[in-house]
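What follows is a single structure, and I will ask about it in a moment.
Chain naming follows the written order as A, B and C, and within any one chain the residues start at number 1.
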Amino acid sequence: MKKRSITLTAYFLLLFVPIYWMVITSLKTDVEILQSFTLFPRKITFENYREIFTSEVWRSSFINSITYVLLNVVMTLMAAIPAAYAFSRWKFRGDHHLFFWLLTNRMAPAAVFMVPFTELYYMLNIYDTHFAVALAHCLFNLPLTIWILEGFMSGIPKEIDETAFVDGYRFPLFFRSIFLPLIAPGIGVGAFFCFTFSWVELILAKAITLTEAKPVVVTLTVGIGAEGVKWGLLASAGVLTIIPGILVVYFVRNYMAKGFALGRV
Amino acid sequence: MRQRPWLFLLPTLVLMSISAFIPLMAVINYSLHTIFAGSTPEFVGLQNYADVMGDAQFRGALLRQLTFSLLALLIEIPLGVGIALCMPRKGGAVGLSLVLLGIPLLIPYNVVGIVWRLFTQSDIGVIPRFLAVFGYDYNVSLDATDAFMTILLVDVWHWTPLVVLLAYAGLQAIPQTFYQAAEVDGASAWKTFRYVTLPKLRSVLTLGLLIRFMDSFKVYSEPLLLTGGGPGNATTFMSLFVARKAEAYELGYAGASSIIYLYVVIVMSYILFQFINRSPEERRA
Amino acid sequence: MAKIELKSLEHRYASSRKEKDSFAIEDLNIVWEDGTANALLGPSGCGKTTLLNIISGLIKPTSGSVLFDGVEVNDRPTRERHIAQVFQFPVVYDTMTVFDNLAFPLRNQGKEGNEVEARVNEIMELLDLGSLTAMKASHLNPAEKQIVSLGRGIARKDTVALLLDEPLTVIDPILKLDLRRKLRLVQQELKLTMIYVTHDQHEALTFADRVTIVRDGFIVQSATPEELFLHPRTPFVGYFIGSPGMNTLRCEKTSDGLEIPGSSLSLPSAIASRADKLKGRIDLGIRPEFVETSAEERSDWNRFTIQMVDHAGAYQVLTLQSGSLQIKARVEDHSISKEGDPMWVNFPSEKTNLYADGERVAP
């Protein structure tokens, strides 16, 4: 028992050393970062954060990211919920093949789609918009979310549907007032995965945005290399991009263990 | 009535055709042409595929990629299960542990890049200074092994928590009775793990193995930000390779290598899935 | 096999919120003789499973001792107690064959080769598992799984006792009979000390030589099925055993003898005189089977009205009313009873139990 908690503590320490390092770097002056090696800032400075909060570029890219991430979560769920219902409740011609084809998209490397996305979105005149990024991220999020939700829905006996219809429920009412509450944990988990992926994704977000919808993840990489690396600034931007993640994790922590098994344990 | 499933699938099909089917067709189309900026594409059949297969750089990247994914799985799966076994089963520590595990998963790829650059950079990094104490001269931008191992380390750091979470969910679902029975039967700790825990974890581990395989096969941002694919080609993995070609506007070549790449991922995933979903007895038969 | 003894055993769950409920088991004493089939019977949540887990060592009791053949084993870990346990939900090792499942406990003891094979074959023959030898355990149906876990339990020759925790819960009704028969056969063949936990009185009564009734962590009565039926120690046992359960009538002592409030019942003088020397609250208990009934008027018998007739195959159960008093009677005769008819009723003294403050008083 004792040995286990020691191992676990050691693991968590190792896990958080790099993050700790980033946090303290964000609080150091550039001089301290470059010229000395300190485990704790000699003089804590919030100068880096002040620069980010006052910079129009940083602020707008934070807002851009949040916008397309939320847009993607909504779009994905709207499409995935009915699709997962169809897969979990009905047999139809080609259902297995379709399901597998959807999943293969989850396997597709983003790099493969970089150029065609750019060209397609130029053609559709949505290049460099929030909608375009959200749409592109559906490529990965939709199959995964359908998969997760299908798992959760299959865990709910069909008899529940049948009983509801016998009781005279019409489909939309049944779906809204009985079925959706039952799979709420699944929806939460699905939303969590969409949020995560969309928030961290870099390749596509970079390829299909220029200025209008430029996400914070891209702004971050641009910061590298230009006028010598501003490590302190990068570190503080890094810290700020982690915060939404921590908030999300905190809110879904009770579903997390179950959700990561995708309801298939 | 017959159309009802398709009605429910309609939004998915529309979204997926825009974000998956049409782009895929476009990639296939590129792969059959020679394309130069400004000129009309020329149809060349399977020539691009032949070029890709004959390209030592491509084969190098593929081999490197396979090695990388294999090593990542070999480390992350056992480590993840091991850590999951150390997790508390109830009480307040559970929530905290879960949140801590979730955090690395939600760090954007390029922030991971930043975190680790701060950590590994030869002038300001922690690792070079630490290893220097032992007389080891660590340098990601000069030493191929250092670079490869560093990317591997980052992947392990970033993604083992996912395996832990999966394994933990699996562990929680094993009824206590099974452990009681093993105890009554006089099984040792190892045998209990081997015959009770592991078999019960199979379905979640299958899932973890698949997800980790697919994702490690797509590794892109880490080498891009940490090593730029170097030194030499030591960390040029498949995604980076394809993206480089696309950025250089060698679209025909990039398209063909993309298709081969996609094909390898799908086939490997499928084989992996079949393999682990079959028990030893059945395989023998 | 061994004799199993529990001495002034107590167990408390640490996390219990309410003081009163925090005792799962309180001051419990019992002996199960070597080679006997015993049942632990009681409503769900009465502490039966806790008791089994204490015997096998999966739970450490708060105080008191567990003895095997007179030797205290409190500090002996589960794996050294040589207990066999069959759980409510079948536990098999999914990845192993039936053969390997049965061999598992033997191999854990370091046994190998022919010795293991001979013993496993013996067990498989006993349990009719021969055709399933090479089958993977995950492919078995629940009943077969339960038989395999039983077999695993008895494979070791040094097994001290076989504990079964509601082993038939998840088994199809048709297979239940078969499994119960096998259990009984194995018990007799191997002279096992067997403790069988159940909440089903039918299972307990047909299966065990001795049935122990547990309620809220206390032993209410431990006796042969016949004794439980004829002389239940408390009204609870009388009601819990039998279908329908015993009629319990609250009595009051008066100057004339014994009266039942709310009715004008007159009791036979034999019963009244037995009550003479009793103190405290007095209850009268009589089983529906022993209530004498007559459709024709009989002197000295009491007149009731038939409220309800429940047909139960070979017999019927009458609900009879007199004043505010209701009793049940079991009659074999089908022809006479109709709801609303009068019925004359007698309580034969020798079949009637009297309880003073909830405890049976021997006549």
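By our rule, a contact is a pair of C-beta atoms (placed from the backbone, for glycine too) under 8 Å apart; a residue touches a chain by one contact, two chains touch by 3 or more.
All figures in this text were calculated on a predicted structure; none of them were measured in a lab.
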Determine the set of chains touching chain A that also touch chain B. none
What's the farthest chain from chain B if centres are computed as the mean of the Cα atoms? C
Provide the C-alpha centroid distance between chain A and chain B, rounded to the nearest whole angstrom. 16
In whole angstrom, how far does the Cα centroid of chain B sit from the Cα centroid of chain C? 57
Using the touch rule from the top of the page, what residues of chain C touch 2 or more other chains? none
Within the complex, which stretch of chain B touches chain C? 175, 177-178, 180-181, 183-188, 191, 195-196, 199-200, 279-281
Residue positions on chain A within touch of chain B in the complex are 4-5, 7-8, 11-12, 14-19, 21-22, 25, 33-34, 37, 75, 78-80, 82-83, 85-86, 90, 92, 95, 98, 102, 104-117, 119-120, 135-136, 138-139, 142-143, 146, 196, 199-203, 216-217, 220-221, 224, 231, 234-235, 237-238, 241-242, 244-246, 248-250, 253-254, 256-258, 260-262, 264-265
Listed in rising order, the residues of chain C that touch chain B in the complex are 53, 56, 58, 78-79, 83-85, 87-89, 91, 93-97, 104-105, 108-109, 136, 149, 152-153
Contact set on chain B toward chain A in their complex: 2, 4-6, 8-9, 11-12, 14-16, 18-20, 22-24, 26-27, 30, 82-83, 85-88, 95, 97-111, 113-116, 118-119, 123-124, 126, 129, 157, 161-162, 165-166, 168-170, 172-173, 203-204, 207, 214, 217-218, 220-221, 225, 238-240, 242-243, 246, 251, 254, 258-259, 261-262, 265-266, 269
